[in-house]
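Heads up, the next two complexes both have chain A, just with different partners, chain B and then chain C.
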Partner chain A sequence: MTRGFYELILREIRVLVKAPWVVCSRGLFFLIQIFVFAVLMDRVVDAPNFDFFAYYSIGTILVTISSIAFLIGHDVYEEAETGLLDYLLTLPFSRRVYILGRCVGGAFRSMIYVTPMFGLVAVIRGFTGAVELLGALALLFVLAFGITGLSITVAVTIRNQNRFDITLALLELFMIRFSTALYPPVFMPSAVATVSVFSPVTLTSDAVRAVLQGGEASFLGVGGLIAFVIVFFAASTAFYFKRIEGGYFH
Partner chain B sequence: MQRDLKILFLDKLTLFIIFLNFSIELFVSGLIFARMVSGFDYFLFIAPGANLMTALVVAFQAGRELFVERALRDLSAYHVTLPVPRRLYVAARIAAGVAKAVIASTPGTLVVIFLYPNLTVFTFLGVYLVLVLFSLAGVAFSIMTAVVSRRTEVFITLRSTIQLYLSFLSTVFYPLEFFPPVLVPFVLANPKTWAVQTFREIVQGNWPVQELLLLSATSLFLAIMAGIIYVRATKM
Partner chain C sequence: MYMITFSGLTKTFKSTAAVNDFTLEIKDGEIMGLLGPNGAGKTTLILTMATVYQPTRGSVIVDGYDVTTRPTEIRSLIGIAFQDPRFDRLLSVLDVLEWHAKITGVPSGERVQRLESVMRRLGLWEVRRQRTWSLSGGMKKKVEDAKIFIQCPRIAVFDEPTAFLDVPSRLLVWDMIKELQEEGRTVILATNMMDEAERLSERVAIMNLGGLVALGSPSDLKQKVKGSEVLEIKPTDPGHVDLERLKRIHGVSKGVISNDILKLFLSRGRERIPRVIDELRQQGVEIESLFLKEATLEDVFLKYTGSNLS
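After this line comes the complex of A and B, so read on.
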């Protein structure tokens, strides 16, 4: 089990290394978000006692890790379409190990992407406490793991490619825009603020901000985040099993 | 054109999701950002940009479909055997891309238009003219991207980079005077800047002829370039 699991994680990381173009474009997206969008919006935003750049810089990390974790759904979808999934299933490890390996590998891949960006934000914002930085990274890993499960669930339940692309993009938009990643709840209309409480991105955003600023993450928030991970890991496992055993090509 | 439009209408849920996407951009993010800005009405400032973003996303589907046909499904060879001259074929694909972008963004366009008072027939005509011209630029960019890319990741990267440039180095989110001087030439060369500026002027009852001409010139130039590249790519 351990060997197969380890190989699956390595495979996900190799996929990342073999796609330098994608790494560059995501990196560019992050830099533009920080050094163009956040800087310029900081000049536009004039709300009292609110530092837009400081708030948004942490939010960008959350947005980036979420969007990268969602990418695994595209891989899973493409593998099923091209028939590669059939080959993967002939490899000598159980279905359970295969699915767990994909989820953990996807989360690791997201962390490799985002850690340099996180480092840059830590330098800009002057976050130096090692424990706080590690705590924040751990929370980001948990979020990435949950989103990977969600993304795989969507990939194995939708068969039309256009619809799959748009649904995944909408889910990503929904989870991020209805969250406190990019804007604090005080500016949200009450309906949005109510919904945002349930977003895993909100739970992570609040916890990461609290940890980085030397405070403590709320127990309820971290518990909610872990519940999100468990639910979508279970769902992705169940749907993936069903898809695999049902067969893709008929 | 009929074929491409049929593909669009085959999936009505997608059309709905596109509108939902626009609504979240405008009525969630736009509204929240507007609460952080007090100097001017940021909600009305960002509304035309949110609509143009929808049009851009759909316009880029034209390139995506072309890329899938060429690089993944090998359908291009069949298409060029059809009894249609190459130039007409390419012109029809570009026109279909523009039509799809305009149709898919119409619900959002109407929402944005009705946010402003004092509407006239000319407001509708002007806004649709902007939408057509901007979609033409978007389709041209996406077709050029699809034709020059041979691998999926190259196509995705080029597409995202162009979308990044069009969205963040334009006046969609922030007025021109907020940009540092070094970025101003990039902003002025961006068709989205002229599209969004023209859109804002038209819904306020003005006809900015200079901006409209600049947008038309840029879009037509890009469309001709895309057409030439696409016609050359269809030759064996």
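After this line comes the complex of A and C, so read on.
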């Protein structure tokens, strides 16, 4: 169990390290978001007692980690298409270890992406409390784990490549844009603000901001985030087994 | 002692039976050749044994473990070299093989030595830092085979192990498969190449339409082709050949037309040739060429499946 689990996580990380151009392009995107877009928008947004740059810098981390976590769905879909999945399923570990390893590996991969960005924002914003920083990183990890499960669920339930791509893109769009990651609810149209309450990105975004600013994350918010993780980890496991046994991949 | 027992195995996908009531016992330490055309059910059979699929009916027992109740134990016994190489394209040859060795539990003390030894033998050492996507088809195939030679599993499954390989490499891979068997491993060899099956396998199982149609050693199977002789005739117009009338000739057990070649399975072929020529002339069929030979495994396959492997 331990060896398989550990090696599955390392595999996810190794694949990431072997594609440095992806890491670099995402890093560049992040820097442009922070130092160009956020700075410009900060000048445009004129609201009393509201620092848009400060708000946006944390939000960009949420957006980046969500996008990266969604990528694993594409990997899983491609593995099924190319037959690599058959190989992985013949290796000596249980199915549960396999799914858990993929989800945790995907979450670690996302964390490796965003930790340098998170460090940069912490320096800019002057967040120095070790407990607060670790707490925020833990929340980001939980979000990445949940999105990985969601992404795998979508990858194994949709058979058509175009539908899969569109569904994943829409989910990513709704979860991120209909959330408080990039703009606070007071600036949102009321319908969007209502929907945003249910987005796991909102739950994480609010909790991370609260923790970094020395406050406490809401119990309901963290509970909702954990429920999101459990539901989609269970769903990805169940659908994965069902599809494999039904021979969908062939 | 049987290492693998398939009992009435059936695997259906929706309404299609990829494997149908398949029964076979594979001895510990033997090389079992698995022959069948595309779509015969070989891959489904292998993947069911490897616990990727659940059987729809029947059972598969591997070293005493049932695939449905003890899949993880079975996975630790098996290694599969797939027909199409299966590994991450971004990783290097060394990454792929090292990860496979680690995850399949090759002891850390032996790992480095085994990796180097297998890579050097297969000519992969010089390209070990190269990413797998940049390799030729033959080199990718070698990497796929190398996974199993490094793992040395109790049950080694090779699906077309020498496809895309040149002749020296093919001979080398055959030697390495033989060595695995000499070390006491059970080997399943799924192949479309008759010479490969004949050279390596102690027994051959011929599959067609998901079922087992013939089983035995290559020589036994060839004996089963009645009289063990095959008369190959190239007629000018194969469409005019009346097989039923030919089969009424004494000593002729079966007739098949494949790729415009008429094949008659018969005994004491030399004595029957004049009668066969007369019959064809009566049918208005001219003969371009005629060749009498001993039955090969390919003929055995043709007899049981009615089609050529190629």
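Note that the second predicted complex is superposed on the first by the 247 of 250 C-alpha atoms of A that agree within 3 Å, B and C clash if a C-alpha of one lies under 4 Å from a C-alpha of the other, contacts with A are read in each partner's own complex, and residues count from 1 in each chain.
Following the convention adopted for this analysis, a contact is a pair of C-beta atoms (placed from the backbone, for glycine too) under 8 Å apart; a residue touches a chain by one contact, two chains touch by 3 or more.
Remember, it's a predicted structure, so these values are computed and weren't measured experimentally.
Trainee: Should the superposition on chain A be reported as showing a clash between chain B and chain C, or a fit?
Mentor: Chain B/chain C on chain A - fit side by side.
Trainee: Can you report the vertex angle at chain A, computed from the C-alpha centres of the three chains with chain B and chain C as the arms, to the nearest 10 degrees?
Mentor: About 90 degrees between chain B and chain C, seen from chain A.
Trainee: Please work out whether A:190 is in contact with chain B alone, chain C alone, both, or neither, and reply first, second, both or neither.
Mentor: After superposition on chain A, A:190 lies in contact with neither partner.
Trainee: So in the superposed three-chain picture, is A:128 touching just chain B, just chain C, both, or none of them (first/second/both/neither)?
Mentor: Touch status of A:128: no partner.
Trainee: Which partner does A:84 reach: the first (chain B), the second (chain C), both, or neither?
Mentor: Second partner only.
Trainee: Could you look at A:3 and tell me whether it touches chain B, chain C, both or neither (first, second, both, neither)?
Mentor: second
Trainee: Check whether chain B or chain C contacts more residues of chain A in the superposed model.
Mentor: Of chain B and chain C, the partner in contact with more residues of chain A is B.
Trainee: Quick check for you: in the superposed arrangement, does A:47 touch first (chain B), second (chain C), both or neither?
Mentor: In the superposition, A:47 touches chain B alone.
Trainee: Quick check on the superposed pair: does A:19 touch chain B, chain C, both, or neither? Answer first, second, both or neither.
Mentor: both
Trainee: Minimum C-alpha distance between chain B and chain C after superposition, to be given in whole Å.
Mentor: In the combined three-chain model, chain B comes within 9 Å of chain C at the C-alpha level.
Trainee: Of all the chain A residues, which ones make contact with chain B and with chain C?
Mentor: 19
Trainee: Within the complex, which stretch of chain A touches chain B?
Mentor: Residue positions touching the partner: 19, 21-22, 24-25, 28-29, 32-33, 36-37, 40-41, 43-47, 50, 52, 160, 162-163, 166-167, 169-170, 173-174, 177-178, 182-183, 187-189, 192.
Trainee: Can you list the residues on chain B that touch chain A in the complex?
Mentor: My answer: residues 11, 13-14, 17-18, 20-21, 24-25, 28-29, 31-33, 35-39, 42, 61, 153-154, 156-157, 160-161, 164, 168-169, 173-175, 178-179, 183.
Trainee: Could you please specify the touching residues of chain C with respect to chain A in the complex?
Mentor: Its residues touching chain A are 11, 13, 18, 44, 47, 50-54, 71-72, 75-76, 78-80, 82, 84, 86-88, 90-91, 95, 99, 102-105, 131.
Trainee: Enumerate the contact residues on chain A facing chain C in the complex.
Mentor: Touching chain C: residues 3-4, 7-8, 10-11, 14-15, 18-19, 82-84, 86-87, 89-94, 244-247, 250 of chain A.
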